[in-house]
């Protein structure tokens, strides 16, 4: 049987980022796939040892520009935990608001890219158009569209004050309206289903044992979400993970779609319940000892480990990003699929290579 | 020269030469013998054509003693088949030979009552001349090609003792037999020649004496014996029903009673033409040396099958048999074209394409209008020239490259430019419009479209099959044309290359001069068979009552469209740029990229075969059963009438 | 509420030889690989393995080993670990053997990059360029 | 028929087609943009693209490719001219198939995996639409008694009322030829596709411009073929063709790109099935 | 398949959503952090901004020979985090809402103290 | 020739490539294609294939592994072409200035025509960058063929 071996990436129009899949196909059926990564590696962990520890927030935010707020949040909570700093409750609520807004923006971005990957251009446009409402909200509240730089150790830098809050609520209402027109297309459209249902099946057991996280894992029927650990104020908001049991690309898509709906509700709920109070507490000392934290990024569970030695510099900062755990799943999902499904299946784990390679 | 002399020359000269070949072990000696003999054969065929075409059919009846000789030889061959069946322990061959051994005496002595005088024994009309020209010209060229091919072939096999004498014996013998077959009017004579072609075919397939070759030869034998049985039964029925075993009388008699024997003869034709479900013998025959594939399995012997179907066409015009033959042929055309998509062995693709084209000819016979029959005859000519040449080119490529896998022919242009250009022209001539094969396809679709009712099925099959043809040729053709420039000298054996190039120019020339070809050969053949003229050829255009085909204008346009850019591209001297490989090309060697662990990986660009859809495993059972159902319907339809 | 501070004393510390056995035991209990963290505590490496139980709990396992000791790969038991093991080998030069997919120390770095970037104390000669 | 008028018409068509085709493509991009809520490029954008590409330098990875791309253009032009000369429709479609084949040969000649995937899919597309076009010509014969374009004009009644299902089938072929979703598998206009740009991957600069120009001719030819379904009077046919064009754009925007197996199934099932059903109905009812 | 149709109809008839950017500039959000504005008159060249800049976009160098301190700001490296603006004790740094235009060469903003 | 020159400015096809940034600029470049910014009104298409592109939009500080990829993409883009470095790290390395595996800016590898500031660069800034890049494109002459991936 004639084989075709060729590189899929690093420069490839369906891949927004540089990752290479070394594919081997027979006809159009993929028989072998090898992920070749490293095109996005910068060496952030090393740089984090050379930076002042508060400056690492800005570096961590730029591990990934899409979920940057949650990276910052993760780092801040980690250092705060190591230093036993108690963050003011209002700051915790604001962190939830912004991290859920980032999640919406990330998921909408992803939904658009997925639509693009199966050639549904108008749906892509519609998603990104709706996403602009969220970006406007983020810029309005934090001053930047995608990299918010709002989290600092000890709290947050900016407030959603009473003047701004109605604006945010209006924006959320507008977004909900847009979402309502997009949701059924993803959930029910014949062609969308044809391209996603049964594609890239990741059985429940395998999803667990391969170590997949986030929507990839939840799409295979596991209610595993680090937000249930109750960092920030997720405890008080009555958060429940979204789970689908389809195990395929469609299930993963539906998890993200439903999470968008859920996140909008969480934002509104957080705004409703937001207490008055300070935004930050002053932090004076330096981190010491070891700390380990898990938070839920749009792509899944983010694990950070830090080791401090009582100076302004960290001895070690380890970031395990969700995509890093999800890439092995590609090795299971891709072989046997058709070339046309490669983009869809690759997108279905929501690969964030900038995250992965740091 | 007298007609009798020409006819006997055409039949007996090859036989004599074949016997001489048995004594010649030396390649040079073979060439010395065969070259003049083959030229003589071609001249004889041309001379006969020049005599028959203006003057009308030529009849010939040899002395009655020959009837007896033929009858005796029939039994000799039959005995030999029995012997093969016994020694090879092949139940099918043995069984069919036994059936034949019972049936033949029953028919010959029981039904026919010993001896039936047929007048004339040989009826040589324009259709026979068309076949004779194909056999004598294309066949002779292939024989000459074989004189270059076979020494190389044996050198490759490292035989201790040459087997070329045997090879050339059967090979050249076949030409004479084939000429006899197309001339024959008496069904008994036809049967005799038919059996000899089967015998030649058997021996040539097993020529390499490998296990595979023996097995495939036996398969070819039993499948052809099925046809023989049907033919004998048909002869008996024909005599019983119509009281004649002269083809001309059967065909022109117009009696509904002869439909069943005609259907049986069609079945015989289908087996010889390897129509589904009998296609496996032709595919298996590809183990034989390439000249055999070129001669027997594409340009001539299998044509005997469709020749028979076509020859009988006037006999079943406007009957349900005609429709069923058309549907059957169109179905075979479609399904084998689809099957060819899934093949990666070059000779198998050619074999499937051959079966498909034979199916198309059968379909033309079934459509049974002036235009369709003209298309069928044109196809016989064009297909013989193009396909014979393609087989020869592939054979040379196989010898020089050492592979018959299409994958290995990738980028052949850089290594064997002359051969590639010949092959590409050959493929284009099989595929696209101004060339003859596609012209015949055009005529067939128009002819089928012009019929109503059930012929919608025929048109549908033809349309799908024609698209499938496009796919399997194109994906092969395109891949040959570019490649890394390799500095190799292309060895060009004179006779092999010479014959290939002659046939290439033949394919192009005949296509350009399709109008005179139609006027000179095809229209007389049509009228000889009792059909009207299919084309209005005024002004060098081909006009039918509903369509229009301007060969000259098209040729000018297409030649300009293909040749000018090709010439211009040859002039492009700048260095070539590397292909797009996502930006990770490795400098230097073409098609390498940086893969896992930073190591260079070679990108491969294997072809597409879509085997889950067009593979044999999926399509063959489906096609065989459907074809079988169609065949049963064909016979049942005739019997139940 | 998750406990962010890690109490070093609470974790079992094992040698590389005992690793596979421990991991097999954990895997049989349904635990899965989360991540591993390598620390260059000159002159040794400390590698923290994190596993997740089917609940959200994390199990930690620490391996202490000399820098030239060999560490067996757990990728045969839990394939998900293979990328992280490659990364640690690449970043620290930890000798991990029997990797299910071997990136030959060229997973993230190029041959022109600084090799073993996360080592605190750089060995003088030879050990640079982790490639085989 | 005298040849004077057809020649004048054909020459005019050959000269005007790039203009019409370019504007149609511009309309396509504008309408698509508006359906997606965008402003979109100016109507004349395809001409700018064309001009830009002509002015770019070339990158050639195979000599045969550049030969075949010119053949593609010239053969399409031949088919186009034949159509407007009122010639045999089957001949037109056969030549058009040759042109499509030339495009595939060009892509196959470049030993790029992406171009070859594209070419193979292009061939599958031809496998899908070629029978539809051939059968559509046969259907037109059923109704008019001739295979030529000329005979359609000679017939005294429009075709569409008798061949509605055939028209639908031709729409499938048009969708494939226009490379619109759900059939944009071999090459998509916007490149966000697994094959980069499929058959076009290895072409650049003027060669790409030539391909673009050829597409304009193809587009106009297919639109003209659609217009044949109602030539008494001709403007109705033109309107119908425009409606069909708009429908294709609409479908492009409400559907995802599907896979080749689906395309084959759809074009054979819907395309061939509809034509056969239409012909059967026609022969039963009339 | 037709589920997207509603959106298309809406889009077709409601006009494009496109912001005609270069022609009409949208009013930026008051909080937007786009560009770092610097007031050299207030600056004391204390160097805090240079120390804490995560992108090393600001540097303060002391030129002992010419007896002045210079502050160099590379807007091409600036990541608009506004950390310097927050920490500047003199309030000489502040974030502005309108973004930089594009540039075809990298230039740095240079300012020097009159004397040390 | 006037038309050809004008056409060049009216039809910039971009190749977007991320050489190791944080994605922030990449998603903003994509956002430029979407309804609210819609750069297609300038004739821009995100074409995704270097052989068809006129404008290279490069983000990220360029890491070692990507260096050669970037060089090749640049070489495979036919003339005339312009390069836009989008974002702080593509210009200077930005926040990744002290990361060990980065080279610190696109201009360390290929010549850059236009720099777009910001982290992440805003769509408005990117559109400004494209407008400036088109001015530069107009000045360039259609030079020789871009040859061979390994130009360097």
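The letters A, B, C, D, E and F name the chains in turn, as written, and every chain counts its residues from 1.
In this text, a residue touches a chain if its C-beta (ideal position, glycine included) is under 8 Å from a C-beta of that chain, and two chains touch if they have at least 3 such contacts.
This is a predicted model, so every value here is computed, not measured.
Averaging Cα atoms per chain gives one point for each, and the point farthest from that of chain B is the centre of E. More C-beta pairs touch across one of B-D and E-F than the other; that pair is B-D. Among the remaining chains, the Cα-based centre furthest from that of chain D is the centre of C. Look at where the CA atoms of chain B average out and do the same for chain E: the two points lie 79 Å apart.
Measuring from the averaged C-alpha position of chain D to that of chain E gives a distance of 51 Å.
Work out the mean CA point of chain A and of chain F, and you get 26 Å between them.
Distance from the chain C centre to the chain E centre is 42 Å, each centre being the mean of its Cα atoms. Residue positions of chain C touching 2 or more other chains, listed in rising order: 106-110, 114, 117.
Shown for chain F are the residues that touch two or more other chains, namely 17, 34-36, 38, 41, 46-51, 63, 65, 69, 73, 76, 94-95, 98, 100-101, 119, 122, 145-146. Counting partner chains per residue, chain E has residues 1, 3-4, 8, 16-18, 54-55, 79-81 touching two or more of them. The touch graph of these protein chains has some other shape, matching none of line, ring, star or complete.
Contact annotation for chain pairs lists A-B, A-C, A-D, A-E, A-F, B-C, B-D, B-F, C-F, D-E, D-F, E-F, with touch applied as defined. Interface residues of chain A facing chain C in the complex, by the touch rule stated above, are 34, 37-38, 41, 43, 45-46, 77-78, 80-82, 84, 208-212, 224, 226, 228-231, 235, 289-294, 301, 303, 305, 307, 315-316, 318, 320, 324-325, 327-328, 331, 357.
Contacts from chain A toward chain D in the complex involve residues 4-6, 8, 12-14, 28, 115-123, 125-126, 129, 189, 191-192, 194-195, 338-343. Note for the complex: chain F touches chain D at residues 3-8, 10-11, 13, 34-35, 38, 40-43, 45-49, 51-52, 54, 76, 78-80, 142-146.
Residue ranges of chain F in contact with chain B, taken from their complex: 17, 49-51, 65, 68-70, 72-73, 76, 145-150. Every residue of chain E that touches chain F in the complex is listed here, in rising order: 16-19, 21-22, 25-26, 34, 54-57, 74-81, 99-106.
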